[in-house]
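Chain lettering (A, B, C and D) follows the sequence in which the chains are written, and residue indices restart at 1 in each chain.
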Amino acid sequence: MAFLVQKFGGSSVADPDRIRNVADYVARRHKRGDDLVLVVSAMGKETDELLRLAQEVSDTRPGREMDMLITTGERKATALVCMALHDLGVPADSFTGSQAGFLTDTNHTNAKILQVQPDRVLDSVRKRRVAVVGGSQGVSTDHDITFLGRGGSDTTAVALAHALGADACELYTDVSGVFTADPRVVDEARRMEQVSFDEMLEMCASGCPKPAMRSVEFARTWSVPLHVRSSFTWEPGTWITEEDPDMEDAIVSAVTHEESEAKVTVTGVPDRPGIAATLFRRLADADVNLDMIVQNVSVNGVTNISFTVPQADLGVALEICNDYVADIDAAGVVPKDTIGKVSLVGAGMKTNPGVAAKVFETLADNGINIEMISTSAIRISCVVPEEQVERAVVVLHAAFGLDN
Amino acid sequence: MAFLVQKFGGSSVADPDRIRNVADYVARRHKRGDDLVLVVSAMGKETDELLRLAQEVSDTRPGREMDMLITTGERKATALVCMALHDLGVPADSFTGSQAGFLTDTNHTNAKILQVQPDRVLDSVRKRRVAVVGGSQGVSTDHDITFLGRGGSDTTAVALAHALGADACELYTDVSGVFTADPRVVDEARRMEQVSFDEMLEMCASGCPKPAMRSVEFARTWSVPLHVRSSFTWEPGTWITEEDPDMEDAIVSAVTHEESEAKVTVTGVPDRPGIAATLFRRLADADVNLDMIVQNVSVNGVTNISFTVPQADLGVALEICNDYVADIDAAGVVPKDTIGKVSLVGAGMKTNPGVAAKVFETLADNGINIEMISTSAIRISCVVPEEQVERAVVVLHAAFGLDN
Amino acid sequence: MAFLVQKFGGSSVADPDRIRNVADYVARRHKRGDDLVLVVSAMGKETDELLRLAQEVSDTRPGREMDMLITTGERKATALVCMALHDLGVPADSFTGSQAGFLTDTNHTNAKILQVQPDRVLDSVRKRRVAVVGGSQGVSTDHDITFLGRGGSDTTAVALAHALGADACELYTDVSGVFTADPRVVDEARRMEQVSFDEMLEMCASGCPKPAMRSVEFARTWSVPLHVRSSFTWEPGTWITEEDPDMEDAIVSAVTHEESEAKVTVTGVPDRPGIAATLFRRLADADVNLDMIVQNVSVNGVTNISFTVPQADLGVALEICNDYVADIDAAGVVPKDTIGKVSLVGAGMKTNPGVAAKVFETLADNGINIEMISTSAIRISCVVPEEQVERAVVVLHAAFGLDN
Amino acid sequence: MAFLVQKFGGSSVADPDRIRNVADYVARRHKRGDDLVLVVSAMGKETDELLRLAQEVSDTRPGREMDMLITTGERKATALVCMALHDLGVPADSFTGSQAGFLTDTNHTNAKILQVQPDRVLDSVRKRRVAVVGGSQGVSTDHDITFLGRGGSDTTAVALAHALGADACELYTDVSGVFTADPRVVDEARRMEQVSFDEMLEMCASGCPKPAMRSVEFARTWSVPLHVRSSFTWEPGTWITEEDPDMEDAIVSAVTHEESEAKVTVTGVPDRPGIAATLFRRLADADVNLDMIVQNVSVNGVTNISFTVPQADLGVALEICNDYVADIDAAGVVPKDTIGKVSLVGAGMKTNPGVAAKVFETLADNGINIEMISTSAIRISCVVPEEQVERAVVVLHAAFGLDN
């Protein structure tokens, strides 16, 4: 018997069949005694479809009207899930974001939650009914309908779990959990039973596509245990929780990788105090997202500075660097469109000093060249040639005993 | 410069192209100085689609959830029309039924309007903005979202025109107006420029498919002139108004017909006072909709009673008649599945006694047998053999000078 | 009893309701004795939808795969129309473009018809069945499925009418015919009963949006009478035919207008032989579509040259003109983004010399300034200030007796 | 390096995102050296949608037209997958069922494959291209397009794998494989790595929802190894193959259950030879699908006969039984709407005689009453009270060591 918030994403309620599957599963859990609050996204690709309609009728899309439009998606799914539950004898009430007590600011299309007062939701649960709440929506301080942005249903679910004091928040999706590596790359990749918030955040930041980083951050802030799991197979998935002693055994939990970054090297930079700071200030002012930065030791009073950026930011970064080179009289700028980055994540690294060495040896033994390195307390990332990154993932996954 | 409520049905806003066409036309009218309030239906077949989704997920569809679901259709269309207007430089505000001041009873899925307080709508119009209101929806006395039923957007538009004191209500649809006969049957059928409320109601009742009778009744009650017209060609359509002296010239305005009724004849009914009343009481108690009734003169103390009913009611009617025949010891029941009914409608009939005679002569001259006759002050209807009904329409349309 | 090809566009078969309406109407015509071949487009916006799907999955869309994809739309509609006809007791056979005998070249996505051998279609009609052919498709000389391009169903219909020797080709659409002016601009605009091919082509070229010019050209070439009419009201529409003596009475048949063109004036052009030719050669080589051209009389050895182009071509045209001005040492280039053009079309102009004068007087009397003039044997077009073009249409429509 | 047929079901290609995901994965496999032939179903619920359209336009749906309609779904998906592959630099060719060499009988809407001659497919693969074949379709002996029926894409894939001599057939779906029990019922249910054809068939027959039994039968007949796996996580799934020595270790492989059957008991049947045969002949003649049959030992010359049927067949079965009781003068008929059936499947049962006893003990120890029993060489099924069936699954899963 638990008190749970269960969030069902778009693919979980994509069509009538899936909605009835969700209702069937929720009814089973309800009958076993769990108290349940559901948070529901719009069906399938409906949000995309609504955005497309808006784009097709208008180039100037006022935020108030956009939120009026987009929030119909979740509302529709909410009503349908309730109907399906009624059909199985489970009493259920639908609630819009406003009815569920989500007060937001007036920043249309991307509103922030100011307060959650889920009185009506709690009242419904206390009557042993299932409350079904529209995800990613609220009412603004000036009484207009607001939308929390794409992927906001996760946020709604975590915030509601926190406000209601629920035991956990289950995120139902189309994958069966979080994996030790991308199964498309490593046949031996396994679903993790448990991972800590910190590890998960490092994994999100280094290429793991799901869950959304924002929801993990919320969950960590509010100490809400997350359970990422499948609404297709319904098997138990991956728990994301506070770190606990049992987890520490594994030195390395997962190997992630990314191929969507570019590298820029500024060569022949005069070795003067503050000269690098100037560059990074300019990049920051232009909203360029830097990931890794490496500065070589100075030779003859000049040095090279390399950094990585998302490929989308490369153009802006190059403009800035070219101006910078001219200003400070450096030698030049060398861009590289695509790089491969492989990362190891594991809470056990904190107490195991030899991990880095083993990473370098493993890559070297397999003829994979390391171009850049960056680390955190629980992560080691290496930039390698793009065409070798998948191979790097495979060999590191094996070397650190993740193949089983 | 007029103050108008313009209602756009589903086919008028079926897709982004059509929505932009509507916005373009509204912008032209707005620029010419008209004050405009729009009432918008759900896009195309979206209401059907939502109903289908509901049916596919649930056999028990609670009214509160149905209305939460169905009203998303109009809300979505409302926001899109506003966006398209903004794009053309016309300021516009969307309003849900609740925001537009529609207070209803709590009869979910088919709510009745209790009161209309369109303060926000009026405020928007006074600022020379276009107000865009979701059709067929309101908020109930217990603060739930309600739906006024299929076709309720016409009702919303007429009620709003009345409450706002608008000059007229334009009903935009996919046909160019009301015709003197069905153009599929009579090549010479013409669009009427004007028709009185009473004539229109008789036409609706005798087979004319559009506009919906309910909205004409509302418009007559509240004296709101209607203008039925096309959102595809934008040409002027048909005005439906109070009768005025100019209209009286035409003796016959239109020829309508219907093929969806059945006939029942009870034979050998003893000619005793009240014996027919018994039959019609039983039929009324079973909600059978009677249209025409004919009782022959009694011969030898027995008579025949014939009546027509919608084909859907035929089964129930036959059960009742068979019981009745047994109870009163009549001879039998003779059903006829399909009959053809042709009707002439015209305000001028009131002062022209020869119309009926001319109808009978015309049909006789063309070898068309009349099986039943019923009349009102401004209508003559004849039941004819089903296979002759289209021919009857053609010859009457010509005989009364409507072909021109 | 006629032998007709009836083409139903996307809006005529947009959903099951409309498909059943089409079948009902076709069944009526078939019962009255007409021999019918239908050409059917994809339902509603399905072709757009298929294109969108293709764009969402791929940037490189091989033509062979595109045609495999797009032609499913018409095929689907064809099968559904046949089923609906069967339901009404009318035997019907669906045919793909290939089965209907359309042989095309191999120019995928925009194939040209090489030959039509409609043996199976003719065979079906001879058995008093209705043949239903997928529009805009065929099979290439190398046995691949081909698509004739957007709007190709009209072409299919006209080509089939010609190949079968049908009496006429009916183009069913969402408007009730061709109008004497845009009804959004002129309340008094009326549907024309008849118009000649030449007039229709001039109207198409000067702003009348329907029917597509290409299908009118085909119809003229093959002498196939067209009947443009509504599948919503089913009233008779506008016939487009060879000119006949009865038509000549009307001096002016219609007033059209356009607001999508721009004007460019090159000033101070030295008055030397061939100097204008150089400019227009360059524009032609760059595929700039010129509409009107005016060259003023030379003053002091220099002149001004003005021409109009579609707004989409303005950028290219300006580049070319600027180069040209530099090359020939002219004074400058004056662009105007938007102009209004109003045109009168009428076969009677050929024998009525006073039309032009009356146009100029009418515009002058209404304070409308004429900026450019161009004429053909049956058309007079005037460029006027954009904000006055709709007023120009209104006054000319009245002045030439079209209001009636 | 393998030669594989990969079948992607509707949920795997449900929208552009998923199609691009499939293409990305296929491209990875192709680059690693695999030779690939894809079989693709219609996108998402498109086949349902096409059926619904057909039902909405027609009650009489000729098979030829239905197949023309339905097969557009797979064709569309095929073209889109090819386009997405081209975008990733992988050359690909789409093939309709006809082009892929599937010759069928003329049994429209449910055609049977007569022959597969995949010359063009093989030719494409030999050029290191990916061949993409439309599932569930072919061309009939009289040159019409045919559909193999719902779920026919699996059949297409297995038949193609056989005809091409491929190494295996991968069935991509929305679940990650076959489980040892329904994960909604047993939290400890695990994905099986391997299962034999015979076990899988017994599992299909006793309640396991995927894969379709028909495709497993085909695969067994043609000895095509199947790999059921997820197109959402891409992790390895469950292999279905010939039994091999390694598999024999596990006595019990899986616990399945079913709640969609009803039970009928005929009481007081005279114990005469052939009297039961009469009943089952009548049921067979009425196409009632019998599952389990139990006849008690005769007491005093009368006995009871019980059998189970799908709930859909219950009405017909009861009618037949009532007539039978009257004919043979039995005591009566006792229907039971819903029963629960739990089954254990395992190849090891053949050599382990104690399994049945352990099943009965386990259920007894947990207070679960057994109402009927049936067995095969590798399966034991017990009918238990409906409300206890999920509990039965849980305790048997644990008792036979499947909990891990």
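Basically, a contact is a pair of C-beta atoms (placed from the backbone, for glycine too) under 8 Å apart; a residue touches a chain by one contact, two chains touch by 3 or more.
These numbers were taken from a predicted model, which means no experiment stands behind them.
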| item | value |
| --- | --- |
| Same or different contact residues where chain B meets its copy chain A, judged by the half mark | same |
| Where chain B and chain C are represented by their mean Cα positions, the distance between them in whole Å | 37 |
| Centre-to-centre distance between chain D and chain B (centres being mean Cα positions), rounded to whole Å | 51 |
| Set of chain C residues in contact with two or more other chains | none |
| Contact graph of the chains (line, ring, star, complete, other) | ring |
| Sites on chain D touched by chain C in the complex | 16, 19-20, 23, 50, 53-54, 56-62, 64-66, 68-69, 72, 75-76, 78-84, 86-87, 94 |
| Residues of chain C defined as touching chain B within the complex | 14-15, 17, 24-25, 28, 44-45, 174-176, 179, 182-185, 187, 189, 191, 230, 232-236 |
